[in-house]
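Right, I'll just put the structure down here and ask away after.
Per-chain numbering from 1; labels A, B, C and D assigned in written order.
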């Protein structure tokens, strides 16, 4: 009770320092949030692309329907395979027209072959698996040719790995910088109150009594900073999302964890700063 | 001289606050730099796409070469037009195969028409111009049809506008936040030295005498912060660039301006803080 | 009970603030600590409230031993002390009454009784009308009296007062002195560092310890005084006496 | 030349620190400012070095007029003053000698002569051996002497000293007083607020101005004293006189 009152008093007495602390936490988490948002959306986009990793087996003209149905059953039972679709000649033509608008006219004369389109399970679309499935499908007699964009799959996989790695690296760097700044901010606010703290100790205040208001203060600032960062990140998301890109936002659990991180940063920053200061007086 | 010595002394006496100031400037400019890097590269990418905005006029079979050459001369003189290429039937087939790898086989049977590919000047590829050029080209007798991906051009243009707007908005927001943080940091360091400043005034120091070390201090911190930010941005660029994306970095003039901005932020932040503080004592 | 045994305090190798100080102060005593500027008076008091530890020797205060005291114990000890600092050390961002109340809050005193105890002690030092002013809105003497009030408010076992009347006029000085006598009469030990030799001469029943260059050169409780060849300050006329060089020599450090 | 004309200073509506103060101090005078704690001595000095402006009336110091002085002029003025603050106001992050040197640096004194002038004045106050210590490594009296040295170092036209001997023992007090007499003899006006009535009584050739509740109640240069019905402090026995209530009444504010 007394400590909470003291915490509020301290903030009221040094509004500027308090604001600086909150802004720093908010800003750091915001920068972090923006990058997380980009990362989440790249992952989302890659997942969309990855879902489209498919092996297309062209079927000879005149293959009996039973053979194809049987093969589809077989293929469906491969552990890596999520779905198998049969696309007949008209379907192929329609799709070609849709995909390649500019060359619309070209396809009227052409007869595209029918195909089996095999979608792999999300997460199992790595190059090895794809090649594997392609080999096995090729062994069917009625399959003329198998296409799966060899290099493209390799590239995509590489991209995903690198994106994840880079994202993690950048994220950690940002987190580290945030914690340095926040630590320094709190350190400064402790130093600004160093005289007060030493006087408190001299008239008999225990370390706990001195520390409590700082911890509560840090906690409140962390929460407020976290909420501000959430607000800013959400505003940025809204600004981009509705206009021209389809983005996903964090799910609520992630948001809650983010705000708790803010609180944790606030409390830990305060605790270590006050702690190390008290050790020295 | 005295002021420079004082500036260094002040930093030495409060190493933590100084480090905080430098880190804040560096961090802010780094965040700014990252976004600028993304913006520059999006712009670069869009420029690549924009360069591909072309109007394709399909030429009737059997048109005499002189008519085509004359028309090309005409079209080249349109103010919006950058380049006109003639693509004959074999060229069209080769291009189609290259662009549409998966449908390789399809084109063997098809005969693609020859065309005039008209590239517009960079910056003049807006939907109105494109439509205009298309209309004019259509009036040649030997032109069967004109394609220019109506909706696609519109979309691209919209995208560019929105990307530029959003980038500018985000950039300004970041700059504002940076300046707030930097201002607050310097404000804190002035407050931390408030007693010293008031004593200096009391023993006869003029405002200028008190202010000079702060300004020099701010300038140095700004430069150092700017250099650090450049280093971090460059590291981020290298980390991404070599691995899997072809990025462009800022050109040297932009870098110089960035560092000067750091110095300016440092000096202005110091000046305003000290100024407003001196007004009040 | 306060006990110092062969205490030395060196701030740095060459800055010897105290050496070979041995003495004992019983509960209920009234002790003056005198000596020229820089002789170590403040240093002795800082050892007693354990802001500093001796570089040699031992200090016991109310059962707490300097060498083994934990931070918690030191806090507990200080709550039983009343301290008037030479430079006041008021909390700059609190009013006079909040400063005094703070010394009660840290002891966990019941919140209900605090305001009335604070008001009583501020009235005793003549500052009731300035209770809500901030330290920097008070004159030097007023700040000093807030510091005195803070030291008195928790009815301490020991009162350590470092030059508590340096910024007070004669009438206020008499008032503070009377207050210290009163609190001493009710059982509190008072240890007061002062330059006001008039006051010391007047209170002839009090014990006087004189320091010079960090050594005890006179203790009215001991006969003969530790360094018999030194002419104690108290023996000299107050002012206008023979001028034997205006300034004390710098303390001799171990070289 | 210092001239105050009908000066009043109200910190807030109800806190009247000075009222109706009129006086004039000529070049070369030695003036004691006395009066009980909170009577306005520091406030008068703050008006003279223009840290505060009067809420009513006018102050002229060395040609600078309180009502129209620009910041630059105030800085210029302060370089010609030597000020000893009641709370010392030393720069915490500089050594004793750097503190003293700073007062010379702001005047643009040639860098070559500074060290030697600083050493001389520190020797005068008996602190040559502590020149490189930080303020918080000095005893109260030593800090006070650094403050005095800083005020003396630039050979000021006027020396404003607020209780410059409050933390000094009698011998050091005599030393400082002698220094002030010497500098006064060389032409500097000295205005010294003090509680040390012994010193005032001893220097019977100096002028004495006594304040009470913010008014001038006695001025040894004027006869009869402005408020004739007041018994001046100087007339009373120094200590042990009849106890007419220990504390001065709080100043009457306008309600």
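One rule holds for everything that comes next: a contact is a pair of C-beta atoms (placed from the backbone, for glycine too) under 8 Å apart; a residue touches a chain by one contact, two chains touch by 3 or more.
Note that the coordinates shown come from a computational prediction; the quantities given were computed from them, not determined experimentally.
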| query | What shortest step count links subunit B and subunit C in the network of chain contacts? | reply | 2
| request: Chains touching subunit C and subunit D alike, please list them. | output: none
| Farthest-lying chain, centroid of Cα atoms versus that of subunit B | C
| request: Between subunit A and subunit B, tell me the centre distance in angstrom, where each centre is the average of that chain's C-alpha atoms. | output: 25
| query | Between subunit B and subunit D, what is the separation of their C-alpha centroids in Å? | reply | 63
| task | Could you give the separation in Å between the centres of subunit A and subunit D, each centre being the mean of its C-alpha atoms? | result | 68
| Residues of subunit D touching at least two other chains | none
| request: Mark out which residues of subunit B touch at least two other chains, giving numbers and ranges. | output: none
| request: Have a look at which chains touch which and call the overall pattern line, ring, star, complete or other. | output: ring
| said: Output every touching chain pair, sorted by label. | reply: A-B, A-C, B-D, C-D
| remark: Within the complex, subunit C is touched by subunit D residues 11, 15, 34-38, 42, 86-87, 125-126, 129-130, 133, 137, 139-142, 145, 162-163, 166-175, 178, 195, 197-199, 202, 233, 238-240, 243, 246-248, 250
| task | Report the residues of subunit B in contact with subunit D in the complex, numbered from low to high. | result | 2, 13, 195-196, 199-207, 209
| Which residues, counting only subunit D, touch subunit B once they are in their complex? | 49, 51, 71-72, 75-79, 81, 83, 85, 89-93, 102-103, 105-107, 150
| message | List the residues on subunit B that touch subunit A in their complex, please. | response | 16-17, 19-20, 23-24, 27, 31, 96, 100, 102-103, 106-107, 109-110, 112, 147, 149, 158-159, 162-163, 166, 169-170, 177, 180-181, 184-185, 187-188, 191-192, 236, 239-240, 243-244
